[in-house]
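Structure record follows, encoded as structure tokens.
Letters are used for the chains, namely A, B and C, taken in the order the chains are written, and counting of residues starts over at 1 for each.
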Amino acid sequence: MLKYLLEKEFKQIRRNSFLPRLIIVFPIVIMMVFPWVANLDVKDIKLSIVDNDHSTYSERLVNKIASSEYFYLTNASNTYSEAIESIELSESDIILEIAHSFENSLIKEGYARVMISANSVNGTKGGLGSSYLARIVNDFADEIRSELIPPNNTFPVIDINSQYRYNAYLDYKTFMIPALMTVLLAIISGFLPALNIVGEKEKGTIEQINVTPISKFTFILAKLIPYWTIGFVVLTICFGLATLIYGLSPVGNLGIIYLFAMLFVLTFSGFGLVISNHSSTMRQAMFVMFFFTIIIILMSGIFTPVNSMPQWAQAITIFNPLKYFIQVMRAVYLKGSNIWALSTQLMALLSFAVFFILWAMLSYRKKA
Amino acid sequence: MKQFLSFVRKEFKHIFRDKRTMLILLGMPIVQIILFGFAITTEVQNVRVAIVDPSKDISTQHIIDKINASKYFEVKRVINATNQIEKVFRHGEVDLAIVFEERFNENLNHTGKARIRLIADATDPNTAITEVNYATSIVAAVQQEMIGTNAVPIQIIPEVKMLYNPQMESAYSFVPGVMGLILMLICAMMTSISIVREKETGTMEVLLVSPMKPIYIILSKAMPYFVLSCVNLINILLLSVFVLGVPIAGSLVWLVVVSFMFIMVCLSLGLLISTIAKTQVAAMLMSGMVLMMPALLLSGMIYPVENMPAILEWISNIVPARWFISSVRKLMIQGLDVSYVLKEIAILTGMAIFLIVVSLKKFKVRLQ
Amino acid sequence: MEVGKAIITDRLTKTFGGFTAVDSISFSVDKGEIFGFLGANGAGKTTAMRMLCGLSKPTSGKGVVAGFDISRQSEKVKRNIGYMSQKFSLYEDLEVWENMRLFAGIYGMGDKEIIEKTDEVLNRLGFYEEKNTLVKDLPLGWKQKLAFSTAIFHEPKIVFLDEPTGGVDPVTRRQFWELIYQAADGGITVFVTTHYMDEAEYCNKVSIMVDGRIEALDTPLRLKQQFNTSTMNGVFQQLAQTASRNE
């Protein structure tokens, strides 16, 4: 029986005017455009400098900052209020103000102050930008110190050496690409099933199926398997593009990703079918799916760390399948984690898959 | 006029009957505001730390205590050998490893130099940088304390000031985005789907042969979504002021004017899509791909436009949400005068007029 | 169960909230009979039929179709019936033969059997050239004939037809009824709802529903005698006047 239903589903997908195109084009667009868009790299910060001192030291500091990779000087304002104006016009992100007595007090009193004002409407940029700037200022102070003070006059120093693993160039795209694949899978394997059964309801064809002795199990299975296949196609396209365009291939085993993807797609398609079963119009299914998808994506840790969320929010994410799948993707892609390292995620996704498939079967009503 | 009112009443009834969709349309902004306001934070907290401490002396213990006492860090594991770091990273158990050298205290006191290595899981580069910055400043503070405050000659102290968003609340950057997204969703998506649905079921024909002018039919269709949008707009503003504590720093009147402008743009976009799309699914996908995606990604809601490659930045110019969000940011968060948003207002007005004319033309053409 | 009965109902009732759509109907249909199930719009015909097909759960009362209880054994009922709904409901984006193959497959027919029978049925209908046509490209009359042929493809004991000839011209309706006769000759019990009174004349037995109740049940000839009129339309008019429900 299943064979005939599957034949039907695949034929319908093939004949649909945009589904096959969507399955091919959507991943390509997402993989080509999104890594550039979903970019929280904090580079090229626009800096406005108000140098009230115009001394040798203040100019050395300005040059040091200008030569760093993070900042470029947009303008040198004469007054602080001019600089503020440039922030208001979005011409600069951060202001560095050097006081009139900068060099004097540095030499005479041994310390000086600079003022950093950051536009923090965008928190990440404001925060990271000002801490980069503070670091450069500190480095500059070290430099001056070693010039002015003879080396034999030592005092204890803790030398900090920092090392960034798994993403040595600190490339935001490397971080986002594996996660974008999961979102793509979630959208395709969630929305299509969500619109499917309710679509048959609106057309009336579901009646003709309901009056046959077909079992719920077979029916739901026939709906799941096509999306499962589509998921594999989409994921494979993504892998290819990630390697081709970004030279990014998984450090770990590709088989592990496919295994988890299989469970994840089943989970999400099951979820989509549940919504479809409970909806009476496509519009309704669409909006309900949209609602949950947004929450699921926001709470998945895709662009903000789950650990930074408050306790209650972290508790909610326990029930977020996307969170686990993103963890798996990033771990396998970047760190090369093996299956033992991911046992929690495996158990979680396995339970979600079973749960949603069962729910999809139970919520499919052949009888009113 | 009486006829028109009865049409509007019919449209309202239509929408209110679908309780689930209504609930979602009204609930979505509330849930999003709460998530963005309280759950999603770009601030890095609760970083899980592993300690490798072969010296186990007073200095290392002191630093570990300081790290653990900070709200940013939480010591999760103490491991004996550096070769285990790889394993805890791969299992995703910790985010940062702090490695002390052997005989830390001894080195510090005798040679004047001791080493700490910070090894960060840089899968997420921004978080990793922030973690390292935090840890570095804690260690620096310990060092300062050991030497005594005034003993270090030559210091430059950066005073950091966060403009507009001193607490670095993520909500500040998200509220304008949520507004844009929700208005787009209701005005454009709902309108287009509803009109296409009438086309699909054939009831549109009935309306069009009625003696009502087509313009009134369109107005009566758009009216409920306009009202819904206003309700949501008020909800979002009330929530952000009273729940999130994001003040309306600038002129409320101009904020409302800009929002109306944007609502007009969205409504006409919805109408335009409804004249192109033949089926509900097509309308959903079109508004999803052509409107929602760009509104989410190219508008600067989450990802700064200036980080994007030139071509995407250029494309973002035609995304209405970009101009809306930018003007809301300026008016609401930065509290700037309306003269700073003249460009945005002009562009939105232009878009609104252009889209209304085009979509009305297309609508009429379809009638003949 | 009584031998020779295809359908038996006993005080079958369906209520939606406070509204009684089907009000305690009791009747029986003999095997091989063409049973006309008549009534005005909103009289409860479709609801009653959906209960018999196992698509809707009865609120109370009992029904036996093809020897199985419709409340407790609805899946067994479904194995033995065919159904053609009021709203055309074959897959428009599948070809003619693909629709037949799908439903035959669901009812458990084998590949070889399906292929042979598809050709045979299409030939009989004079429809062979359209084998590979998408259903959505067919005219309505053909769609309905196709839907009927699909409903009896797996040779069910009983076939339920809900307003099968709605919206088509008299010639096509005539042809459609010929298909029904052929099916009945082949031993299939036909349960058909219609509001065309001339079609009622073709049935072996008819029942007329008014406001959820069966108000008349007999052969067309005897009903006409009973109501003292020459057409079924006359019978129907007299009963319809008593109706309180309007659409």
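Operating definition for what follows: a contact is a pair of C-beta atoms (placed from the backbone, for glycine too) under 8 Å apart; a residue touches a chain by one contact, two chains touch by 3 or more.
As the structure is a prediction and not an experimental result, all values here were calculated from the model.
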Chains touching both subunit A and subunit C, listed by label: none
Furthest chain, CA centroid comparison against subunit B: C
Approximate Å spacing (C-alpha centroids) for the pair subunit B, subunit C: 56
Separation of mean Cα positions, subunit B and subunit A [Å, integer]: 12
Touching residues (chain side subunit C, partner subunit A) in the complex: 50, 53-57, 74-76, 78-79, 81, 83, 85, 87-94, 98, 101-108, 134
Residue ranges of subunit A touching subunit C (in the complex, touch as defined): 1, 3-5, 7-8, 11-12, 15-16, 203-215, 366-368
List of subunit B residues in touch with subunit A within their complex: 18, 20-21, 24-25, 27-28, 31-32, 35-36, 38-48, 87, 89-92, 95, 108-109, 112-130, 132-133, 135-136, 139-140, 142-143, 146-147, 151-166, 168-170, 172-173, 185, 193-194, 197, 280-282, 284-285, 297-298, 302-304, 306-309, 312, 326, 329-330, 333-334, 336, 340
Contact footprint of subunit B on subunit A as seen in their complex: 18, 22, 33-34, 36-44, 46, 84, 87-90, 106, 110-128, 130-131, 133-135, 137-138, 140-141, 144-145, 148-149, 154-168, 170-172, 174-175, 195, 199, 279, 281-284, 286-288, 290-291, 294-295, 298-299, 303-305, 307-310, 312-313, 316, 327, 330-331, 334-338, 341
